[in-house]
Amino acid sequence: MNPVNYLYLAALLFSIGATGVLIRRNAIVVFMCIELMLNACNLTLVAFSRMHGNLDGQIIAFFTMVVAAAEVVVGLAIIVSLFRSRHSASVDDASLMKL
Amino acid sequence: MSFPLLTATAVLPAIGAIATAAVPAAQRTAAKWLALLVSLGTLALAITVLVRFDPDGDRYQLTESHSWIAEFGVRYELGVDGIAVALIALTALLIPFIILAGWHDADPLETGSKRWRPTQGFFALILAVEAMVIISFEATDVFLFYIFFEAMLIPMYFLIGGFGDRAHEHGEKAASTQRSYAAVKFLLYNLVGGLIMLAAVIGLYVVAGNFSLQAIAEARANGTLDMATNTERWLFLGFFFAFAVKAPLWPLHTWLPNAMGEATAPVAVLITAVVDKVGTFAMLRFCLQLFPEASKWATPAILVLALISIVYGALLAVGQRDMKRLIAYASISHFGFIIMGIFAMTSQGQSGATLYMVNHGISTAALMLVAGFLISRRGSRLIADYGGVQKVAPVLAGTFLIGGLATLSLPGLAPFVSEFLVLVGTFTRYPVIGIIATFGIVLAALYVLVLYQRTMTGPVKPEVSAMPDLRVRELVVVAPLIALLIFLGVYPKPITDIVNPAVQQTMSDVHKKDPQPEVEAAK
Amino acid sequence: MENLIALLIAAPLLGAAVLLCGGRRLDAVGQWIGTLLSFASFAFGVVLFADLLGKDPEQRTLTQHLFSWIQVESFQADVAFRLDQLSMTFVLLITGVGSLIHLYSVGYMEHDERRRRFFGYLNLFLAAMLLLVLADNYLLLYVGWEGVGLASYLLIGFWQHKPSAATAAKKAFLVNRVGDMGLSIAIMLMFLWFGTFAFGPLLGGEGEPGMVGDASEGKLTAIGLMLLLAACGKSAQVPLQSWLGDAMEGPTPVSALIHAATMVTAGVYLIVRSGAIFNAAPDAQLVVTIVGAVTLLFGAIVGCAKDDIKKALAGSTMSQIGYMVLAAGLGPIGYVFAIMHLVTHGFFKAGLFLGAGSVMHGMNDEVDMRKYGGLRKYMPVTFVTFGLGYLAIIGFPGLSGFFSKDKIIEAAFAKGGTEGWILGGCALLGAAITAFYMTRVMLMTFFGEKRWQPDENGNEPHPHESPKVMTIPMIVLAVGSVAAGFLFNWQSSFIHWLEPITGHDHGHAPLSAGVITGATVACMVIGVAIAYGQYGRRPVPAVAPRGSVLTRAARRDLYQDDFNHVVLVRGGEHLTRSLVYVDHTLVDGVVNGTAASVGGLSGRMRRLQNGFVRSYAVSMFGGVAILIAATLLMRAV
Amino acid sequence: MSAQLAAYSTSTGEAFQFWVLGTVAVIGALCTVFMKKAVHSALCLAGTMIILAVFYLANGAYFLGIVQIVVYTGAIMMLFLFVVMLVGVTAADSLKETIKGQRWLALLCGLGFGILLIGGIGNASITEFNGLAQANANGNVEGLAALIFTKYVFAFEITGALLITAAIGAMVLTHRERTERAKTQRELSEERIREGKHIPPLPAPGVYARHNAVDIAGLLPDGTPSDLTVSKTLRERGQIRDVSTEALNDLKALEQRAEERLERTAIEPSTFKRPEEASK
């Protein structure tokens, strides 16, 4: 099997995650989809690092995870406070930025 | 490295603008005096330029040149030829009168109003315009010129949109809406023109590799830089369009009546007597020098447009009910004469056109400012609201009449000299166009005299019966202008001597010779 | 000596400047300053005249070069003056009559609070008129030409509070502008073809010929016709005559000075001055004669029908200038007589107008002759002076009009050929009509019973003789109009005086001079007789009878004003109004339309901005997809 | 030849693993997107992540694989679940689309994007494929460590700073300062009186001392259940057991038995129907 398949898989997952982001209204689910996309990216990184035979890809994936963690922490905190104030976690309810 | 006189001439009003704007809100009068002093200082500098300029010397004098944006070969290059000197002198001369005439135009409506320091803003903007106009007269680097040619619009926009006539027949609300309409129209027209010019400027850079007027013109002259015919024509059109909007040439003129109608009289003078001159000046300096062949190619069309402007503007002036719009259309007619003179490609035509720019500035200033004084007394721009003013305010009427006579270019007053030169210059090359243009002088008489008759003569209307005559400040504004009109009408030599050599060089740029009188040739 | 020439103009110019800028403090003495300076100018004129007389006839040309006015390459216009016999004649006429009329005005305008300005304008007129006749090139002449136009505009509209006056002034200026257009085109043609428009090189003089000799006839005809157009405007010749009648709205001294004696004759001066051009362009000359003949009949007919004494005189002025133009069109045969008639006309017509003014002065400014009658008892001096002027104009043998007009008629016949007969006939007919309408004026004004009633506020006019300051000029002018003709013909001194400039030949008259003179006198007598039969024998009705078609047409200036009104004024109004509409709807509409469409489009685009972060995300995501596709395509290609 | 093959392919075991787990991963991802309840999505996502961890391991990224399991699946997903619990069930969970065309656009974009990516990867010619053999020679973790603490040390430090900032930020965002004093019972009761509704305390759940579970709505005198008696969350989740009919039927049965015992003429036994049901 050609490890390029990993890349195909990652691409698939990424698109699915993106679609989810666009479709779902629940902020938490949207967030999960974003995580899914990040993971897909990580997978490509890892696959590439294997192909090229050096660890830089893994390092980047590692940093991605760290950043993702930080992002999740803050993002979820935002969702919680948003829910507190508006009693809803729907991204559509925060549609004040229009003319 | 001598003292950078040209830079100083442009920088002084700029600094003055900042200083005026910085005057605290309370000291309105201080701001006014500061602005007036700065403008007078600029006038002094301009006169120094005039004196230091040697008509028989090099083409461009008092030059300054510094590298600015080396990557694009943009340089800070200044230099004046006779034409520029004359126009700089005109600008510097008119601004003090404009400031003095607009002394009270920007006072807050009610004392202690919270409007953001309107007075300081007004005078600062006027000075800013002066600085930009002067530097665009001085710039010999196309890019440098372009920048200030465009930047001018910003202060003008605020001057038009921000300060209208104090009293307005349709009430303050309607006035402000019309004002903003006029301001936006002015801005859009000139921006469109400017953008097209920008494209042409870039194109020129692509073709020529630098922006220096002298370098390019020289290269064109000695054939080291030859453009493809079409390229040259397109670039020419790009430049010319912008200048034609600014000038304004029919059918790109409709912004002028709105702008001049809605703006206060001094600002209207600023538009037509100072800012628009940049357009005609640029035709003479850039279009002809950079694209001589294309200029010759376009001449017939441009002459026809100019002719239309002359007759059309005059006819519309006859049809106006609003005296400021009337003067605006008269100016359109006069700009037609100027452009016709420039593209007649005869030394009489071009000297006449340059002289015309100066004279038209002075005469329109005189007429428009007096009209402004009249309007400020009655609070209406409609001609029909006046009548018999001559009886209650003879001096005002007299100055108005002289301004009008100058506008219809009566012999003995300055505009006659220039108008006749333009007509002769055109006639010697294009007799038919010259003759048709001569009809313009009849129409001019018509609109001026109709205006005078309706406003000044006849039985005294009750509304004007209590109208005071010109005050001292207003006399101080008008009297020198009229004196200048008469002097230049009798003795235009000082200007023609400066202008002629420059015009000769321009003529040689376009490889044109004056037509020779047939009979003399036969002899 | 030459330097005096500038002073001729400077004196009245100074007066104008002082009086117009002086302000109220000069109100008391203004009229005297003006009069004094005008007399000063006259004095300079006399001195120069004496100087010229002292010279040999061929050397009687003084030139003074002040400074170079306009100088652009080959275009050279100098401020330079040329004083020769022709201009000398005019200088004397202008300053002389002008000064007298200044004097007269002192009395006439006594009660006008804007007197100072009036005299300022008068002085301005003198200066401009002198500039006109003294200029050494056509461009400077043009300055004077428009200068007198301006002065006439200001003076016609002097009583600006009367709308009629303001309108008349505007009309006069505009019609003159049409003529000026001709002059400026003529100058342009001269510059185009000869490269100069100075008298010396162009027309020649002091013996050597001018450039016009080398030009083709067609060119000269074109220039000549343009000059004629100018002359028509200034001298109220058909078809540009319509302004003169209305010009009578001005104060009577103005009518006397500007619209009778001097300014309106500028056209004749122009033609005579440009004689070198016309001599070489017979077609142009023919047109000139035709214009002259038509106008002299036109003016005469109009003069017959007017009840307004000044308008009647205006018609006569038109007609008399027609005579001059006719003569000027005849070439060397007629130039001298044109000028001679011009001078004599200057005397008697000015006298007549001053008389009319004096009558109006006594009659509370009543101008309708039907409200006069029998005034000879009340104002004898006016009656006598007016009467002498009357005899002079109808060409009563021995008086000045007789000599000059008779000579013109002879010259007309002397042109020879059919046109000689036609022109001569017109001139004779004109003489008869002149006699008729002048007799009519005379009778209606001074003879018969008094016909004036108290006006609406009940104060009846008390006709009285005018003060000395007014009568003296009238007397002087009357003397002039009696004696001038005789003096000029004394050993044909006038011919010899002008000959070096205008040249002179006698032509070949088909009839002997005696016959023509006889015919002239006969026509005059017939005219007088008819007039007497109509107005002398039976009383004059106080309201004008309806009259024949011709009469009614003549009252309305032969419908020329109506024509102008319908064709030019109405048409112009429609044109401008429609143009204003076009400018607003079409030219401006395009622009505003573009703006509106852009606004609408953006308004529709705004809908996309719905605030849902997810739809924003979609567009962003789609954008990225498109970008990737684009890059891939690029790679693929 | 075989070296070449080795360079281009992997062991059949890994292939098998890939195809099986890959399918599962995709299904998990799809479930994450399309599950109605957030909880289920979270669980599916966790599953997917674990599979990804396996793939990491398979790709020789041992450290990352462990970290993936520990940090992501262990910590982050749990965090998600906590938040889901806090937020509870909201209307946002419904998959019904509210923005017109949004769904189709989204699907289109996703599809197109996926195709593009895959197409792109297909085009990309990835020739040489040298495993991590010598990279991981002396241990994967050591290798990473060597890189992190030399080449990427600054990035590493910065991410550390980022984590701290994020932690503080989360606290700042979620921590709510109590601005006003808590209301006393007295004030609360007075408020209720003023508003004039629920003047007594809310009714307790449970029926006839039989069912006292919190998810059973108390019955009103006419036998209908009162929602006031159960907690809001349960209501929204629809996890309320309605015992009204059953309770009434029991009552009926009791009376019947009493009749039988007293040998009364039995009324025909008919199960009680609630009026509205009867009307149906």
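All chains are identified by letter, namely A, B, C and D, in their written order; residue positions are counted from 1 within each chain.
The working rule: a residue touches a chain if its C-beta (ideal position, glycine included) is under 8 Å from a C-beta of that chain, and two chains touch if they have at least 3 such contacts.
Owing to the predicted nature of the structure, the values given are computational and were not obtained by experimental measurement.
Student: Return the chains shared as contacts by subunit C and subunit D, ordered by label.
Tutor: A
Student: Among the chains, which has its CA centre at the largest distance from subunit D's?
Tutor: C
Student: List the centre-to-centre spacing of subunit A and subunit D in whole Å, with centres computed as mean CA coordinates.
Tutor: 17
Student: In angstrom, rounded to a whole number, how far apart do the mean CA points of subunit B and subunit D lie?
Tutor: Each chain's C-alpha centroid was found; their separation is 74 Å.
Student: Give, as an integer number of Å, the spacing between the C-alpha centres of subunit B and subunit A.
Tutor: Taking the average C-alpha coordinate of subunit A and of subunit B, the gap between them is 63 Å.
Student: Taking each chain's centre as its mean C-alpha position, how far apart are subunit A and subunit C in Å?
Tutor: Centre separation, subunit A to subunit C: 96 Å.
Student: Do you know which subunit B residues sit against two or more other chains?
Tutor: none
Student: What positions in subunit A touch 2 or more of the other chains?
Tutor: Residues 18, 22-23, 25, 91-92 of subunit A each touch two or more of the other chains.
Student: Could you pull out the residues of subunit C that touch at least 2 other chains?
Tutor: In subunit C, residues 610, 612, 614, 618, 621 touch at least two other chains, as defined above.
Student: What chain-chain pairs meet the touch criterion?
Tutor: Result of the pairwise touch check is A-C, A-D, B-C, C-D.
Student: Looking at the complex, which residues from subunit C come into contact with subunit B?
Tutor: 20, 67-75, 79, 139, 142-143, 145-147, 150, 153, 157, 160-161, 163, 165-167, 169-170, 173-174, 177-178, 180-181, 184-185, 187-188, 191-196, 211, 214-215, 219, 572, 575-577, 579-580, 583, 587-588, 591, 595
Student: Touching residues of subunit A toward subunit D in the complex: what are they?
Tutor: Residue positions touching the partner: 1-9, 11-20, 22-29, 31-33, 35-36, 39, 42-43, 46-47, 49-56, 58-59, 61-63, 65-74, 76-81, 83-84, 88-92.
Student: Under the definition above, what is the set of subunit D residues touching subunit C in their complex?
Tutor: Where subunit D meets subunit C, its residues are 99, 102, 105-106, 109-110, 112-113, 116-117, 119-120, 123.
Student: Using the touch rule from the top, collect the residues of subunit C that touch subunit D in their complex.
Tutor: Touch residues, subunit C against subunit D: 610, 612, 614-615, 618, 621-622, 624-625, 628-629, 632, 635-636.
Student: Under the stated contact criterion, what part of subunit B meets subunit C in this complex?
Tutor: 185, 188-189, 251, 253-254, 312, 315-316, 318-320, 347-348, 351-352, 388, 390-391, 398, 405, 410-412, 416-417, 420-421, 423-424, 427-428, 431, 434-435, 438-439, 441-442, 445-446, 449-450, 453, 456-460, 490-493, 496, 500, 503-504, 514-520, 522-523
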